[in-house]
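Two complexes follow with chain A in common, the first pairing it with chain B and the second with chain C.
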Partner chain A sequence: MISPKNKMFRLTGALGAAALLLSGCADNGNEDGAAGEPGDGATQIVVDTTFDIKTIDPAREYEPTGQILVKALYDTLLTFADDDTTTVIPDLATFESNSDQTEFTLTMTEGRVFSDGAPITADDAVFSLQRLQGLEGNPSFLLAGVQVEKVDEMTLKLVTDVPSPSLPAVLATPSCGIVNSKLVQENGGSTSATDSAEEFLNETSAGSGPYILEKLDTASEAILVKNDKYNGPQKPTYDTVILRNTEPATQKMNVERGDSQVALGLSGDMVDSLADNVNVESVPSATVVFLLINADSAISEITASSEFVRAVKNGINYDGLLEIAGRGAAQATGLVPSVFLGALGSADALKYDAAAARTAAEASGAVGQKLTLSFPNDIDPTGLNLTTLAERIQSQLSQVGIEVDLAPAPFATEIDAYRDGKEQIGLWYWNPDYMDPANYLAFGPGQSVGLRAGWPEGSNPAIEALVSQGYTTGDLDARRTVFENWGKAMNADSPFVPLLQPGSNVAYQPSVSGVYYNPVWLINVAGLGIA
Partner chain B sequence: MSHMDDAATASFAAGPVTDLAGSGGQVADAAEASSAARPVSDVAGSSGRGTRRSHGQLWRYIGKRLLIAVGLLFGMTLVTFSLTNLVPGDPVAAALGQRAADNPETVARFRAEYGLDKSLPAQYAAYVSRLVRLDLGVSWQTHHPVSEDLAKAVPATMEIAFGAIICAVILGIILGAWSAYRRGRITDQVLRLVSLVGISLPTFWTAIVCFYAFYYRLGWAPGSGRLTPGVMAPPKVTGMYTIDALLAGEWRTFVDASAHLVLPTLVLTLYTVGLLTRFSRTSILEVLDQDYVRAAKAKGLPGRTVFLRYILRGAAVPILTMVGLAFGSLLSGTVLVESIFGWPGLGSYAYQAASKLDLLAVMGVGLFVGLVYLCINLLVDLAYGVIDPRVRIGQ
Partner chain C sequence: MTNPGQAKAQAKAQTKAQQCPQAQAQESAQPRAQMANRRSLTRRIWRLIPPGLRQPLGIVAALIALTWLVICLVGPSIAPYDPLAQDLPRFTPPGSVAWLGTDELGRDLLSRILAGARVTIGLSLLLVCLSMLIGSLLGLLAGFFGRWVGETIMRFTDLVLAFPTVILAMVTAAALGASLFNAVLAALVVSWPPYARVVRSIVMGLRENEFVASGRLLGFSSVRSMRVDILPNTVGPVLVMASLDIGTAALLLSGLSFLGLGAKPPTPEWGSMVSSAVAHFDKWWLGVFPGLAILTVVIAFNFIGDALRDALDPGVEKS
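== the complex of A and B ==
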């Protein structure tokens, strides 16, 4: 009776041993931690991130991972240098604008070619931009109200009805990437909603960027290989770039072991406990986390009062919030984050003043009442846990006499209440769509985010005047002043409380150089080099 | 949310087979509660006499089960559809970016493209009519047909699930038998404690600990994903990298894919083996003292024969029921394991779809998991007949 069982135990033991032996046989990444060399002298770099991607058709994509890939596959007419997020520079074209900032003439750079060797002309640029507008997809709003015309073989003109000083920055977003119009049209592409080229573009890249697409699986990985025909300024270093979908906890172990060379998704806490053999680039991200206090008295008489808004603005201990935000985070001095033109200095930021907050809270009638703080609890903007943040805010407000109940809900559910302006107090965040402060004017009275706080047009004429100046002022210095004034006025009188910019943390092996955070495309993989 | 969906699907699918296993949700209790004898009468009916007659009965039984399965699948679409639409929240706001959702043209086009501009009954009718043509629709999360997405995700999950269930069955029966043979002794107590721990540990925790220990600390196992970066996937035949690599004769890829399988399979095995050990122990205990076992021992049959042909066979029917249910719950239990190991399988797909209110993808996953439950239950039922002659001759 014992013998068959013993046999089976031996069998089990043998199976276990075989399994471990097998594990030992596998390639354990690059044990020496060097940026990878698959064996034949070619160089490869593995970048781990948590995927948020639907497509890599430039005219359709609008998710963070899509932006990273499209940036590497498609050149844009204009761009930003890796280490400067304020000045637009030429890429596939140079530009000039009229003094009103309503007409932009773009001249294509001579000699640039697509990955199949075809020269890039104004036709390609016009087709790409008109396609972005015509598809009515996620990023189509970027070029709303812009008329795109071809002037000659190498020149195109963009015309707007109102002054649009932010248009050059918009043209630098990956969604405005230039596609090979002939190739895309052959594969179902058009400039109307009938376009059917998405499937093709998810398998084949049709751009002129430093890399071409080898493989895309939106659930697991993307593989890019060097574009041999690339003749632009950003010569790539690595022959192959592999972007993998990995959970943050796994990313940390992978980069520490050298299985990956770059990890993009680590939270502030995680980078604090990283091993010494990993470098970290920590900067405040361009994501602004803010509180919305509904100004609509139909939603709450209390939150609609200016005393209550003042009580909250004074009642939050901003330094206390940074303690839980981890490395790289900074107080949001205003709604415009620190990397943009017109951001406020720390002297103009909101300040904690418990005594003033308590007085204002009493005047507002909030003391003894219960209010609701709503927020999405299944999304961590730049690694920041909103539930922890909401709990800290709840306890801080309680100390100045304001009691709030926390009402967490999944993003997909809560976004409705937020968009419909139904939240009493909301905890949300805003990522920039393009690298220009005009992005943030949406928080003004009667603008899209302003309306979510029950703040219609006519609520504050002074701020509204600054909003229209913000949209139209072209001169750089004047623009900076307008945005600074707008930011100060918003801090004083808007129903929004800018809280913090979570840290953007990129962990990387010391063998890698050229790691820069970008507010729109997060990281330029073509700029990564060997240290 | 995906757990909720999975659980709903699972219990719904398993519901009508309660005559075999009780409610699908409470796997352990329900299965322990249903005893070996019950399915016997259900499968072949009590009136059947003689082989021909029982064959006819069998075919009628299979036919009936298939008809019920079709009805169940239909009901499942209705339940999943209603549940997904009951969730407060507009899929448009979830699917589009903030700026795009402000643009009425973009929203209108999105609604038209996915048929969301029609009434709910019309949407459901359109879905069912497509389903009849085996078209699961297009996911608005991945922009791919749901069937294509499933064809990629399912083999990845099956690769770990098959491995895990095979290991868990072998280990579970061995440990269960050992425990039963040594009933009341220290080995039994230790094994029962260990299996309790196995059942109680959350899989995501086991997954992180295993990954940390075997990959990060010891370096015995490879990193996350299905293959080492740079190793190309073998040409697709089954979608399971190990099998495809063998078929293509790519030994290096085979070894690499197998090595990546070890840890996720181990974690899922631990998750299931505790359950199977406890269950095997109970079932084996039930037959251990039966007269026919004692008679076999008295006859002087070798221990191996007694164990394999008398004890194990007698205990097999309830164990088999449990294995079927455990396999189904493995599929829904892979969500967190897959995310820790960067495994692009059904679990991660379901989670993504549910969190983005991707209706068609959620329904696709629900239907698939339901179908697996139905098939497994059917197979298990038929296997009873093979294992237990009483089922065949209907006594």
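== the complex of A and C ==
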């Protein structure tokens, strides 16, 4: 039997031990952080982020951290400038298209070389793109329905059956990075599913990008060093780039203390309490958080009614949502985020109107009924906690007479209900796959996301006509008009409620320059400079 | 009867007072008398408590637990705000607007903690009662009938005990889907076996006793024998276990909610409150106060359990 005195002694001991353990952890953090100081004149930059990475094989990767690394290691045929996400510019190639936007001729830039010194030819480009298609990996869909042909040593041609004005933007995504075809083939690479080069590419980069891979540990850190043979337009400043897997709370401390120079994973709330010696680049991210209201009356008679959709669209106080989303967030004016061509202005955005919402809710028969709002609770798109957002939506809808039960579930289980169109009301988000508004046409009736809301083909002929125009119109101004009309029609009649674009916050030391947010590759580490 | 020591002290104080100037004597003698009075009052209250229960830690714990139980009953009515209303400024630090601050949605933390007491403590009590009932019943049957009945029940008990408690509860809760009711079921799955084992061993010992045997000889049915002769003798140890278990149950249930397998938002539940505080590391009050609530409940019920064991179990050396 332990006497109480003894017990207290043990308790104190345990607390003391816990305190020691904690302070030990903190000390370790300090030592790791010391990596920020370079020696012998070489420059080094430490970037903290929360790792979401499976591989850095360009044809297989499709996760945020993978995109950052692949962007630095591999050049693409076409690209975007750091500060302009609407205009495609040449990189390894220049392009021309026919007037139907079905044939794209790419001419390789003279003189560009891989990190081993070998010149980059059309063979490499054809192999890389065909490999992306043939692997049937996560990003393979990007080039679905595109025929890739070599014309001569320095020219290749992409042909599509339907007009594809978004193809140049697709070619700028890191997944379309050009690999050294000889080197990759020597290490098991091929353009079919039998390819076995992934392991090799996770240890050695086979590209022409500003950096080459020194070390990759998908659980802790990636180290990139300057590519001495690089002769492209994006001259890197830092000799070494270290990307570390760090918890957001620790990222904040690290960047405040100067243990890291850039922190990518801070939420809006954390940014608000950052120390003054840290700069922040806060912009609305290209992630659109939206509500899906199932239009299938087999799922719910109530949600299928157009009055209910109107009640929800009017019943949400969008400013009240922004309040909890933190710095940089903005109301999503439509499903197409603000950084893209054809995004709507704030005048066309949905508006809060409690009285109209209450009338519509009563007409829909929703008053006195309980509906279910489903959402994934283990994933925070761009630092926004979906549970918090759902609680706020629940409270707002209840004020206009709509009662919803929250049904949080892990992403891995809820995604099936979402994809199968089984949710009454769903809270989800969409990250762009490539920088073109055509990506968002998937929300149309009968399209992949539209079907998830029980919205089949034939539900709205007017919107469907705009969807097909959106896929085929090539002229820039005409495209803008088509997408704006589509966006307005979707706001008025679709079962989707665009809510907000969470802020993208990059916190950085004042010594760093060239910090730009990109919707696809988040940050271009080669573009970082010394202020 | 006058205490000789006390009389001596009084006499001493008097002589001292005579030696000193009058004013000072009055000042010093009065508090002393008051202190003596107070001491004898505490002593008198102390003597009201049965000797077996005279444990300071146990009594403090009982007071804390009692406070929480009262809060369970009246919590919502003494809360300053609606625990679900989101109309205060977000992240207000503890102060005059909200005593314990507000959370990420502008809800009053104090009101949520008070409302959460009903959820956490109420469900813990329910859980302990259920596992006590199920475990005791199975243990009673196993111990009384022995042979294949006992073997079957105890092997099954061993099977459940062989799994790590928290993992099994997590698996069950995940399989059933996240809700408070399912969390209680999941916790129930792992918390009844200890009762079955304890009750069985007590019953096996009692079964051989003469008073049970004579009951049986008088023609008591099995049921009557269990009810009249055996069951009352198992109550003490089972109650001790149960009181020790309330803290563990509270910890298990809030643990499940912390992992997102228990209370659904926006239910004010301490575990899920701590969980949402994790994302707001620098707003210390979000995690500290619900954490303290869990801590005090767990410690209080553990100390009560210890005290009860000391009082009820004659086999244990008194501390």
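The rule is simple: the second predicted complex is superposed on the first by the 494 of 531 C-alpha atoms of A that agree within 3 Å, B and C clash if a C-alpha of one lies under 4 Å from a C-alpha of the other, contacts with A are read in each partner's own complex, and residues count from 1 in each chain.
The definition used in the following text is that a residue touches a chain if its C-beta (ideal position, glycine included) is under 8 Å from a C-beta of that chain, and two chains touch if they have at least 3 such contacts.
Keep in mind that this is a model prediction, so the values were computed, not measured.
Between chain B and chain C, B contacts the larger number of chain A residues. Looking at the shared chain after the overlay, A:S267 reaches chain C, while chain B stays out of its contact range. Contact with both chain B and chain C is seen for A:A249 once the two complexes are overlaid on the shared chain. By the touch criterion defined above, A:Q44 reaches chain B but does not reach chain C.
In the superposed model, A:E391 makes contact with chain C only, not with chain B. Residue contacts after overlaying the shared chain place A:D378 against chain B and chain C alike. Touch criterion met: A:P139 reaches chain B, while chain C stays clear of it.
Contacts of A:I212 after superposition on the shared chain: neither chain B nor chain C is touched.
Across the two superposed structures, the residue set of chain A contacted by chain B and also by chain C is 1-4, 249, 378, 410. Put simply, chain C touches chain A in their complex at residues 55, 57, 84-86, 90-91, 104-105, 178, 260, 264-266, 276, 279-282, 306, 316-317, 319.
The touching residues of chain A, when paired with chain C in their complex, are 1-4, 7, 249, 252, 267, 269-270, 273, 323-324, 377-378, 380, 385, 387-388, 390-392, 394-395, 405-410. Per the touch definition, chain A reaches chain B in the complex via residues 1-5, 8-9, 11-12, 15, 19-20, 22-29, 31, 36, 38, 44, 46, 54-55, 60, 62, 136-141, 144, 193, 198, 202, 217-221, 240, 242, 244-247, 249-250, 253-254, 256-257, 259-260, 378, 410-416, 419, 430, 433, 448. Residues of chain B that touch chain A in their complex: 1, 87-91, 93-94, 96-103, 105-106, 109, 141-144, 149, 152-153, 167, 170-171, 174, 177-178, 181, 208, 211-212, 214-216, 219-226, 228-231, 255-256, 258-260, 262-263, 266, 303-304, 306-308, 339-342, 344, 348-349, 352, 355-357.
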